[in-house]
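Chain IDs A, B and C follow the sequence of writing; residue 1 opens each chain.
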Amino acid sequence: EDLAVVGSWSSLPLNKQFETPFWTEELPAASNGEINVQMTTHDQMGIGGGDVFRILNDGVFDVGMTVADYAVGDAPELEGLDVPLVANTAEEAQAMVEAARPMVEDIFKERFNSKVLAIAPYPPQVVFCKGDVTSLEDLKGKKVRGSGRMTTKFLEALGANGVNVAFSEVPGALERGVIDCAVTGAGSGYSAGWWEVSDHLMTIPLGGWDPVVTAMNFDKWNSLSPEMQKLITDEVNSKFEAPAWAAAAGALEADIACLTGNGTCPAGDPASMTLVEASDADLAKAKEILTTVVLPEWAERAGADWVKRWNDTVGKTVGVAVPLS
Amino acid sequence: MIFTVTASLLGLLALSIPVGIVLFLLGFGVDQLFSPFPLLRGLGQVVWSSSNSSTLIAIPFFVLLGEILVRGGIAERTYEALDKWFSWLPGGLIHANIGTATMFSATSGSSVATAATVATVAMPQAEKLGYDPKLFSGAIAAGGTLGIMIPPSINLIVYGFLTETSIPRLFLAGLIPGLLMAVAFMMVTAILCKIKPTLGGTSRSFTWSERIGSLQHLLPIVVLFLVVIGSIYAGWATPTESAAVGVAIAMLIAAFNRGVSREMIERCLYGTVRITAMIMLVIIGAYFLNFTLTAAGMGRELKDLLTGLNFSPMGTLMVVILLYIVLGFFIETLSLMVATIPIIVPIMTGMGFDKVWFGILLIVLIEMALITPPVGLNLYVVQGARKSGRLSDVMLGVIPFVLVMLAMIALLVAVPSVALFLPDIL
Amino acid sequence: MIALLVGLVLTGCVILIIADILLREVGISFGGADEISGYVMAGVASWGMSYALTELAHVRIDLIRLRLRQRGKAMLDLLAIIALAGTSIVIAVQSWPVLQKTIERGSRANTPLETPLWIPQSIWLSGWIWFAVCSSVLVILTLSLLVKRNLEQADALVGARSELELEA
């Protein structure tokens, strides 16, 4: 069985440590050579992250993976997979994703003619700030480089300005004061040297967890034998999804140690950013903004049916309910 | 697959099918021959997402900027002023060619636009003053390539975009190598003309008062450079936005010089749309070809080729340089970058080379590709401006400058801080 | 006429970006200039194609062509325009599903502006369709000129010109 697989960002650890080894080595080995994989990534192919599932839909390749947030242009209901600030640890995030999974499966079947194989996390998207920041409230009036539509909407509701800056331009923009804060994964921020130009690290997951969905074209999926389907499902669960989640929990701790200097940093010399942890007041404030502004707006985009379903599954798990008019 | 594609590329180009169309045809061929998947179905999405790009809009902006400078009379005055300063050197006006190209490089992001701008104002002088057509036109073709090394630069924007590298850092890194190359171009010209004085035209000299008086004509370009580059480093504008700022300032300067009329604006816009569409057809074609090649496994083939050699990092670097020189003969430069960067750059950074430094090295190789036949856009631009004589004159004329570029590559490899010094201290 | 309109849209985009920069400096963030300039680029590219075609601006490598006699040149020109027309038709046909999916799903841009994507994509797609139509008409015109052995007019219609001949 030949499989053409398109991975997420080639430069990020999820691709290097989990996607590529799993699809090019572990799965072919587990199938005793029955599965033969040809792998590339969407950035190497020169296609946008938002196009991956559109093209997967057409059967141009068999398996595609990209951040769910990139695809919300085609499926606004998918925004519900990654609501910022409702899951603050890897366990909570995993519980949220698991609760959302049946919904995501239906969305992918309906919108992209695709079978969801896995949902794995990028590291939580935390906040790097230049200048004194002690609470969520302090972001008011600041220029923040966000990620994802719901995060930007949240920032606007908070009274901050969402600014669009490319990842590679963030250090310069922070240094020159074009932006005050920027959101990204703690590990990416460490390796890209954002700590050189910022001093406060808010570990509150303002940008959510950026879950990456792995999906297979449904026509391809249906053409596989039941044994093959079972093999792929089992292998993906045990050798890709589970280790990726396990690593996410440990990685955040290590990355924070690297950025703040509290604890051991396996990646190199630690920086000395000031750690700003979320207080109960912050979380209460976040929940208030989500339920009064951000989620009701989303409900308009996604439609009542999906939101009701979200309330019954994800909402129950994280303790948030979207008011339905 | 790499061999088949290269051979077909040459064949189709030789048939004088438009370059952009050739890239699409090759993409169709790769889809048919090398891929079991219906890649053609991805075509529409690739065309949409490659052209729906707020980064690439810098291209029409820089082209428009060049059009305004030529049609607003700014380019001509700059050339005359530099002529007064440089014509005493052995080689006379040829130095003005290089100097003007250098100054325009500092406001234009495109090498083709720079070469076209300088050729338009310089060529009429060559015959009048009896210059050797080879060296004279070669200097314009080569000098024009500085347009993508001295900031701003479309190619560096594309490199930064594809590799997630900071564009302001890349711009800083290109400045010293760009100026060094400009100086080296002039030195080579002076030496050649000293050895063989018939290469240069009638020697002329101007009085100091004439020279000082001409300085005011250099002012517009200096102002443009400061505004375009300054707005990036002051944090007012992104590199792409700075191109829009440049257009507005150029328009103001042209208006100040009374060079603006309705007809002038219309001709600028027509020219911009024509050149932009020509470039975009090639870029979109290159994106599609890259899409099919990557899907068909060229990345792995190229990677296996490079890693299979089992060379040391330095050995691999040499192979990569050689690869770009050879590919540069045949492939249009932006397509060359888009197709190879996502594969080559991760391999090189994995071996410990600096991403900014490699970007600058790559730009020198790309500059060379612009003036090496058979596919060297600047050669055609300059030949077009001459309206007579043989294309082979221009091709021979660029040889000394290609040698300078090779020396620059050696220097960058030996002393990486030539590129990295500025971005590291600023 | 179309080219002038395209150029004016581009000028509008310059003004939009500068307005955005100025507003940002005084603290008003209106955002979206970035997103809109992407759509402008897509439209400028697709609608500019047919103008560049009628101006013979799409680069061709004419090393061999230059050495041929008139008849040989005409044959290469015919080949080139047929290849171009064929390709542009494929592009137009394959681009339709992009807009079709957008309309089916009511897709909006993944940005705060939430631009309904059918708007920029319709403008973009129609530019490619126009390019396909223009190039197909040129194939027919060239064929009819060649049948009449009117090689000079055929050269004027679909021959190769260098960059600077265009400038003049």
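Everything below uses one rule, namely that a contact is a pair of C-beta atoms (placed from the backbone, for glycine too) under 8 Å apart; a residue touches a chain by one contact, two chains touch by 3 or more.
This is a predicted model, so every value here is computed, not measured.
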| item | value |
| --- | --- |
| Greatest separation from subunit C - chain, by CA centre | A |
| Middle chain, criterion being Cα centroid separation | B |
| Interface with more contacting C-beta pairs, comparing A-B to B-C | B-C |
| Computed distance of Cα centres, subunit C from subunit A, in Å | 37 |
| Gap in Å, rounded to a whole number, between the CA centres of subunit B and subunit A | 38 |
| Averaged-CA centre spacing for the pair subunit C and subunit B, given as whole angstrom | 22 |
| Junction residues of subunit C - those touching two or more other chains | 34-35, 97-98 |
| Touching two or more other chains - residues of subunit B | 41, 45 |
| Numbers and ranges of subunit A residues touching at least 2 other chains | 50, 54, 58 |
| Subunit A - residues contacting subunit C, complex | 50, 54, 57-58, 69-76, 111, 143, 149, 152-153, 156, 161-164, 301 |
| Residue ranges of subunit A in contact with subunit B within the complex | 2, 4, 10-11, 38, 40, 43-48, 50-51, 54-55, 58-61, 165-169, 171-173, 176-178 |
| Subunit A partner contacts - residues on subunit C that touch it in the complex | 29, 31, 34-35, 97-98, 101, 105, 107-112, 114, 117 |
| Touching residues (chain side subunit B, partner subunit C) in the complex | 13-21, 24-25, 28, 40-41, 43-45, 47-48, 51-54, 56-57, 60-61, 64, 112, 116, 119-120, 231, 236-237, 240-241, 244-245, 247-248, 266, 268-278, 280-282, 284, 332, 373-375, 377, 380-381, 383-385, 387, 391 |
| List of subunit C residues in touch with subunit B within their complex | 3-4, 6-8, 10-11, 13-14, 17-18, 20-21, 25, 34-35, 37-42, 44-46, 48-49, 51-52, 55, 57-66, 76-77, 79-80, 83-84, 87, 90-91, 94-98, 120-121, 124, 128, 160, 162-167 |
